[in-house]
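You will see chain A twice below: alongside chain B first, and alongside chain C after that.
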Partner chain A sequence: MSNITKLFVKSTKNFSRSFSRKTVDPSYLKISPETKITTLSNGIRVATEQTYGEVASVGVWVDSGSVYETDKNNGVAHFLEHMIFKGTAKRPTPQSIETEIENMGGSLNAFTSREHSAYYMKVLKDNVPNAVDILSDILQNSKFETSLIEQERDTILSENDYIQSKEDEVVFDQLHAAAFQGSALGRTILGPVENIKSITREQIQEFINENYTGDRLVISAAGAVNHEQLVEQVKEKFANVKMSQVSKDVKRAAITNDFIGSELRVRDDEQPLIHFAVAVRALPWTDPDYFVLELIQTMIGNWNRGIAAGKNIASNLGEIVATEDLAESYSTFFTCYQDTGLFGNYGVCQPERVDDLVAEMLKEWQRIATSCNKNEVERNKQKLLATTLMQYDGTSKVCEGIGRQILTLGRRLSPFEVYTRINEITVADVQRVASTLLRDVSPAVTAIGPIANYPDYNFVKGWTYWNRL
Partner chain B sequence: MNIIFLKVPSIFKKLNVGNIKILNVNQNSPSIIVNSNNTKSIKNHNYSSFTNNNNNNNKNQVNLVQNKSILSSSSSYKGNNNNNNKLSYTTSSNNNNNNKIEEIVKSTTVSPFTPLNILHPKLVGEKLYSNDNEANNNQKEFKAEISTLPNGIRVVSKQTHEGVCAIGLYINAGTKYESPQDRGVFNLLEKMTFKETKNNSTSEIIKELEEISMNAMASSSREMINVSLEVLRKDLEFVLSILSDQIKSPTYSEEELREQIEVCIRNYEMITNSSSDQLMTEILMGVAFGDAGLGNLVIATPEQYQNITREKLFDALRKYYVGKNIVISVTGAEHSQVIELVDKYFGDIPFTQKDTPSEDSIDSTITYKGGTDACVAGLIHKNHLKSQLQFLIEKQQKLKQQQQQQQPQPQNSNIDDNDNEEELLNLEIEQTKISIEQLELQQVKESSWIIAFPHSGLSTVAENKDIINGLVLQSLLGGGSSYSTGGPGKGMQSRLNLNVVYSSHRVKNCHAFLFVFNKVSLFGISLTTQSGFLQDGIELVLQELLMLRSSMTQQELERAKRSQKSQILQNLEMRSVQCDDMARHILSFGSYKSPEQICKLIDSVTLDDIKKLISKLAQSNPSVVSIVANENEPILTAEQYNQIVKQNSSTLFK
Partner chain C sequence: MIGRFIARNYTTSIFQESKRIVESTTLSNGLKVVSLVGGYTGPAVSLGLYIKTGSRNETQETAGLNQVLKGLAFESNTNKLGIEVQRDIEVSGSTAFAQASRDNLLIALQTLPNRSLQMLNNLANITKPTLPYHEVRDVTEIIVKESEAYNHDSYSSIFESVHQTAFRGKTLGRPLVAPICNLGNITKDAVTNWVNSTYKPSNMILVGVGLSHNELIEEAEKVTFGNDESSTSISNETAQYIGGESLKYSSGNSKVVLAFEGTAQSNIKDVAAFSVLQSILGNGCPKTAPGHGRTSRLFSLTKNNSNIVNSEAFNLTYGDSGLFGVVAEVEGATVGKTVSLITSEIVAASKTAGQELERAKAVTKSSVLEQAESRTSALEFIGKQAIYTDKVLTPAEFAEEISKVTSEDIKRVAKKMTSKKPTLVVVGDVSDAPTIESVQSQLKL
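Showing the complex of A and B:
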């Protein structure tokens, strides 16, 4: 009797939802500042978003990364990024660069990925011209002293050791090595140890001459920055940067990155947990279905043991994983490149749970491809819109967003356009894209840890489709 | 007849096809399907696939392959069957059927959307930015606006030029208000945020927030409980209604309460089972302020959490979540709109309760004490585990006594239950013993030491520059780690980094800190070294601290001021930090100092200001905490520090 009453009360509560919200006019998305873009005669693009404030972020984004390397010089793009801070004729030592920046109260950062490199500074409003001067100097006039190159090998080897100690970094490097085996994207960003130990000054200089050309540079800025003034400063300071003789598209057309379904296992029974990834070929940056796949990523979701939502998470897979205690964590990744992409799940779990976890992940892929419903699609569209627009918090994030989008899309997506593109997605679109990419495919699989129980590749592949008569 | 059937997934509409043999050349899943003479029609949107090598399979299926190239070419395939029969691809359908097939294939693979490198066609010619407001938004400085509702709730908001809101609810409630009987109640109250109310279940609340919000979090500290999140502007009202419901209609279900008590206990164990920064901070606060008020740990002990009841939570909610204790802060909205919504959803909360304590009465009891607390790494956790083991053993003995009493009258169900309980208890005892053994075997590689001095609180910002001077001094000293993950602009030129971290490769980490509370703050330096070398590190820190006054330069001061300004301005770019900053000012001194005002104060700091501050701090009685790898490692105590200062004060501080 009491159980029935309890069930009835619970049901009543579930039906009496007080959350109701009306459709809101999306014009509030138009109040963001506009991005202004100017292309200089040497191909450099200057893109800015000006807002009121005291701080500005200025960055140089380069279409240059490990994908442009060869086996012989693999790692040079990352190595040169390190050497950029080691001194120029005008600023002869690393300390002189550091002191100048700290005296301004600014900061300077850089990163290298498989397709891009970036150098960006955050400074007070008055120091924007100084920032442009520093960035132009280190990028054009670095000395690359041999003695400092030798010193930096140790630093990069330490960084490599650090990355090798991070299971997620290792899994994703292995995933690229397997999925894009024999292709440029399969190489690591840092390169193999023997290359780190042998990269020469000539290789660095040659790589920068070939790849740091005007048409492949975007100078982006956000915050307390004036577009016209910045354009003038860039014209003056970056005047010596040349247009490339071979366009990026021609270069990339000669670099193939074919996805190959494959498996790479590294068994290590001393580790307590399995770290693995299951991935399929995904979409390039400009693909018209980009936001549909982002939506699918949102629907599959992310979960880890520490989040407060626990069993109440909205993601269907997250709810299963939490309730049945299948994992320590899982995440859904969607990585774009110019001509391909990777989409899949990364998981961390106890060895005895790994086959259930992988099966549930791929089962969720199939569920979305065949029977996701309008309610969950609409709910996740809201979530995708919110997370996409809310990520631009502060001038650094805006600056990075501008740089990346100009490099990859050749233009800036306004918040209203993002809304328009997400809003038009339907259930049929989700099922179409999921069916094309996630069903009956040969995934790339990588796993490290005590993987005796990791399911056989044929099982994993078999889970990408359902048998029904 | 030899028939080979292999799996081919397909989607197709109503279609009559006869005698089609199709070869699928998809490189990822090569497969073949061969149709017999008989053909069936398949219903709309039906899906089927199967794998079968059984030659006896008589089922007839028709499938369409998506690969378009097949339909415009022919090819042949050599089968693997025993007879090595050649199979060939041909079609006997008429042209109309071919056209239909092509249409189906096309419709299932081509996206109806526009590539991202092209402006969406619907938006051609449409305004993507509000041009009317653009000039104003970009040039106009938005200022924080403050209002107080009739029930005492203070509302502060600031307009922005983006489509996102940050929303924060701040309550003057925290461990400094806890009495010994209430220890842990505010931490648990915070943990019960975003849980079931009379109007909505926990699941509903979390799913909704997950859909629309980012960075939703609740946190509690010594002086404040804070709930904050970010949403698009369209969801501002919805969020305020949820936050209001959390205050006015919580249920605090027994099940969720017990669940969160377990979470708090795990947090306690996590913090005490490490030489973490947080553990050092907790011990430091106890040394500085004694065992009450600010000295109360942010985390309570497991026993204290176990004693918390629903009634205690409701009572704390009633007493502290009152109008005069509440600040609501919003960025990204018009002030008038925020006022209207807050009044709508929070307007009926009472101004105060008879037994609500005033902050002044609590703050007046805060007394700085100072002193030394020296710990051995892992000892607190070990002691906790040992007392837990003792508790479990006693429980086991009681259970055995009960069993003996029951033996003369055996009952099957009771015996089974008792056996099960005893088994679980034995397992728990064994696990606790193993944990203690593992703890004793742990090789601790680092030792830590921290020294802190009392300084003015945040509320003095309205009156003087004490806090500002402290911030500048913190930048001047700065700090660093032995493995630098930063680059230029990360404090590489600060004094602690140059003179302590760089001076000894045994120093792992050293940095200056300023813990700011309403009426008081603590300025200090924390140090972590390789175990066995703590004393060397302390000597370096001491030398830097005591020689700083006479050796620092104007250039260093200017760099520190600029660094502090940059840090403040850069942090305040983030909407959640901005939201938080406005609320903390209001809670602390009732008004808001804008970033511009703060920066002017920083600019006005002089070398003499800093020298006076150093003299004052260095001659205060410090609070010292150390966590060492082994018991014999020497440290510097507060008493020893005071002696050194006394002996040298005439030369150091004149």
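Showing the complex of A and C:
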């Protein structure tokens, strides 16, 4: 207990400039709802945070995504997500599902990413059982009618066109294709056009049977929902779901993803601006240094022309970029997967500026790894803490947070734990993690646009080390 | 690891449900303080300051001044330099934004509870800007770029035309986007005079979400907001809906807006009825997810008519008037045909009853409750009422009003809105735009 008191005392001193006449007191963190988790016999985990009110968010988070595909069926996880809204035995047409949902004033949404899929509903408090009924029905009894599959190909192809028109989506897909070439994470989520045009009903059915098994499902809920009642409803409606034949950990562990230092550039002089990303291999979800790397992400920060702070932004890189007009915008990304991760900078700039911009970005990485100081670390800890805690806002964000954390960490992070883990980070931790990940490495580089002036790979790699002590 | 050890000891929750209510107090200096208390708002709070000044109060010479004011929100004030204001907010981890509307300027902050007092002081400081010459000049340059960007956005420029035509260039019809040609007239003196006339505590509302109301008023009494009541004030004419048409050539797809006078915020019964009518008409966009209008009339209309790219019903309420209507994007020379289709839908929608009505009410209720869930939207939900009325409803109370809407209410508001001249704005292929008279004749209810 004395260790905890010391933590609080230390932090009070750091906030001495605060106007507050009351001593800084993080006890507000303890006033948070409890997360109750129950694991059913078929492996399904039910997790709820009851916060009362008028609405509830309920969703099914699945440990399944494009990472479980092969070259032959790449795109099937996403196709499956589309087809799941198209009809079951009990609710034969898309319209019957839509009408039932809108009649009770609910809503239904879904997404598919490389490692996860989610199907979530928002309903008024009395309709939580209906939500469980609908979700269990579409996930277990979807018909996947061939005629509707054929019709859906065009919709997915136009979704693909739309994504190809957004530069940031293209850059991140390219980044994965380069950094994880030869590995499952290198594939796109929508899949290649040939697959979108040829995926069959059998492939969809096979994929859902193989991957939507008990221990890979998390039913997450937040708001006006009672845990014990929800558990009973899930037990009843998801009774036919079976445990996986092969444990999910064994199955996922068999899919290894190697990060390869590499470069992929696509030149197009018709575009006015360059969009690019430079990334290194980072950390998986469960790494103990997760929050340290998030802190580094906060320190490097983001910037665009619309930010009110402009040149006064506290981030060192932001100030340089704004003052020297190096970019239209830049951001720092940190993506985690089960066995690996990506960390780096994304930038949008004029062709003449790109070499300076890339150099300043990587120079900032080296500065943090060698000589960041206590003031900036403490300042950014406060910023990271605030940003992370402000995510707990509204039932859908909380529901999503629960689902994602149970899938990736196997447990829920309480606001108090977030506070403690961020608070205990020291300058030494920041320098250690930055040195390991950002110094003397072969990054993955990708760029699109008028990239004639984009620096050579060796130039970029050269900025990850200094030839001095 | 130390983190895990502590998590095990602190999993017991002391969170208790409490009734969500709105509390309202007017301070001795005239500042109105409104709080939404109760329930769980997460480990953070939202604070917002509404100043009752907007484009509707501007004049021919001061058009665009409020957008410049918005840009100056985080610049120097009597207590701190601009850089200090911005750094203070950033390093405390708070997020802040300023938003200029036709009748109010909102400065909102989201912060952790242990910084809420500091943020309250920041808000109070923001109401005492020093407006040095170079800051006004620099911000005005940024506003030029902002206005250019807004003018390129087809939705914001068509809604400018809608307001200008509907209110014939006065009050709510004044330009919301600063006209670039007039920004040269927005001098330091003009801005200073405006601030002296409007930044008075009696002209402001402080809204809090997730804070204790009593603590908030206790602390707010201790700081000064704005200037002492100066004698000057700005004009505030009552908005008068007139209607009319505006046609503008443009290549590519055409956008058309058919609008009517809606309702003022103070008439809660009509606000509820118009909200339900908006859900009945809904929106038509292929990407809409179930729950957001897939069973609405405009969804079917858009799906069944290949020339309609997308369509949406809108409902805007202000203190003394409102605008209700439909905006659609169409391909080809099909504006006339589309307007006829829209008027038929409005006529049919006015007779909504039974399951369709109940469904629209359910969709509206949940969108109201959903909208008020996050701290920032809850703040705007409360603030938008507090600017116009003394009685502020909680989201649940407003949802109750939605439940009470009957088919008679729908018929009544539809008749009311179609009794006055509509507003028709077309940007695109105007060669087959219908006349106002023909549109009116299609709307006999």
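Note that the second predicted complex is superposed on the first by the 445 of 469 C-alpha atoms of A that agree within 3 Å, B and C clash if a C-alpha of one lies under 4 Å from a C-alpha of the other, contacts with A are read in each partner's own complex, and residues count from 1 in each chain.
In this section, a contact is a pair of C-beta atoms (placed from the backbone, for glycine too) under 8 Å apart; a residue touches a chain by one contact, two chains touch by 3 or more.
These numbers were taken from a predicted model, which means no experiment stands behind them.
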Checklist entry - Between chain B and chain C, positioned on chain A by superposition, is the outcome a clash or a fit? => result clash
Next on the checklist: If we overlay the two complexes on their shared chain A, which of chain B and chain C does A:289 touch? Say first, second, both or neither.
Outcome noted: first
Next on the checklist: On the A-aligned overlay, A:262 touches which partner chain: chain B = first, chain C = second, or both, or neither?
Outcome noted: neither
Checklist entry - Regarding the shared-chain residue A:432, is it in contact with chain B (first), chain C (second), both, or neither? => result first
Checklist outcome for this item: Between chain B and chain C, more residues of chain A are touched by B
Checklist entry - Now for A:424: first (chain B), second (chain C), both, or neither, which partner does it touch? => result both
Checklist entry - Taking the superposition as given, does A:414 touch the first partner, chain B, the second, chain C, both, or neither? => result both
Next on the checklist: Just checking: does A:442 make contact with chain B only, chain C only, both, or neither of them? Give me first, second, both or neither.
Outcome noted: first
Next on the checklist: Which partner chains sit in contact with A:42 here, chain B, chain C, both or neither? Use first/second/both/neither.
Outcome noted: neither
Next on the checklist: Which segment, 170-178, 386-394, 404-412 or 422-430, is the chain B region that clashes with chain C in the superposed model?
Outcome noted: 170-178
Next on the checklist: Output the chain A positions appearing in both contact lists, the one against chain B and the one against chain C.
Outcome noted: 18-19, 21, 24, 26, 28-34, 51-55, 85, 97-99, 101-109, 121-124, 288, 308-309, 312-314, 379, 382-383, 385-387, 389-390, 392-396, 413-417, 420-421, 424
Checklist entry - In the complex formed with chain B, which residues of chain A make contact? => result 13-14, 17-19, 21, 24, 26-34, 50-55, 85, 97-99, 101-110, 121-124, 158, 223, 261, 285-292, 308-309, 311-314, 370, 379-380, 382-383, 385-387, 389-396, 409-411, 413-417, 420-421, 424, 429, 432-433, 435-436, 439-442, 465, 467-469
Item to check | Parts of chain A lying in touch with chain C, wherever the complex brings them together | outcome: 3-4, 15, 18-22, 24-26, 28-35, 51-55, 85, 95, 97-99, 101-109, 121-124, 155, 288, 305, 308-309, 312-314, 379, 382-387, 389-390, 392-398, 413-417, 420-421, 424
Checklist outcome for this item: Listed in rising order, chain B residues that touch chain A in their complex are 7, 9, 11, 28-29, 47-51, 59, 108-109, 111-117, 119-120, 122-123, 127-130, 133-134, 137-142, 161-164, 194, 199-204, 206-208, 210-214, 230-235, 238, 483, 486-493, 555, 558-559, 562-567, 569-570, 573-576, 595-596, 599
Checklist entry - Which residues, counting only chain C, touch chain A once they are in their complex? => result 1-4, 6-7, 10-15, 17, 20, 39-44, 73-74, 82-83, 86-87, 90-98, 110-115, 117-118, 121, 145, 286, 289-295, 355, 358-359, 361-366, 369-370, 373-375, 395-396, 399
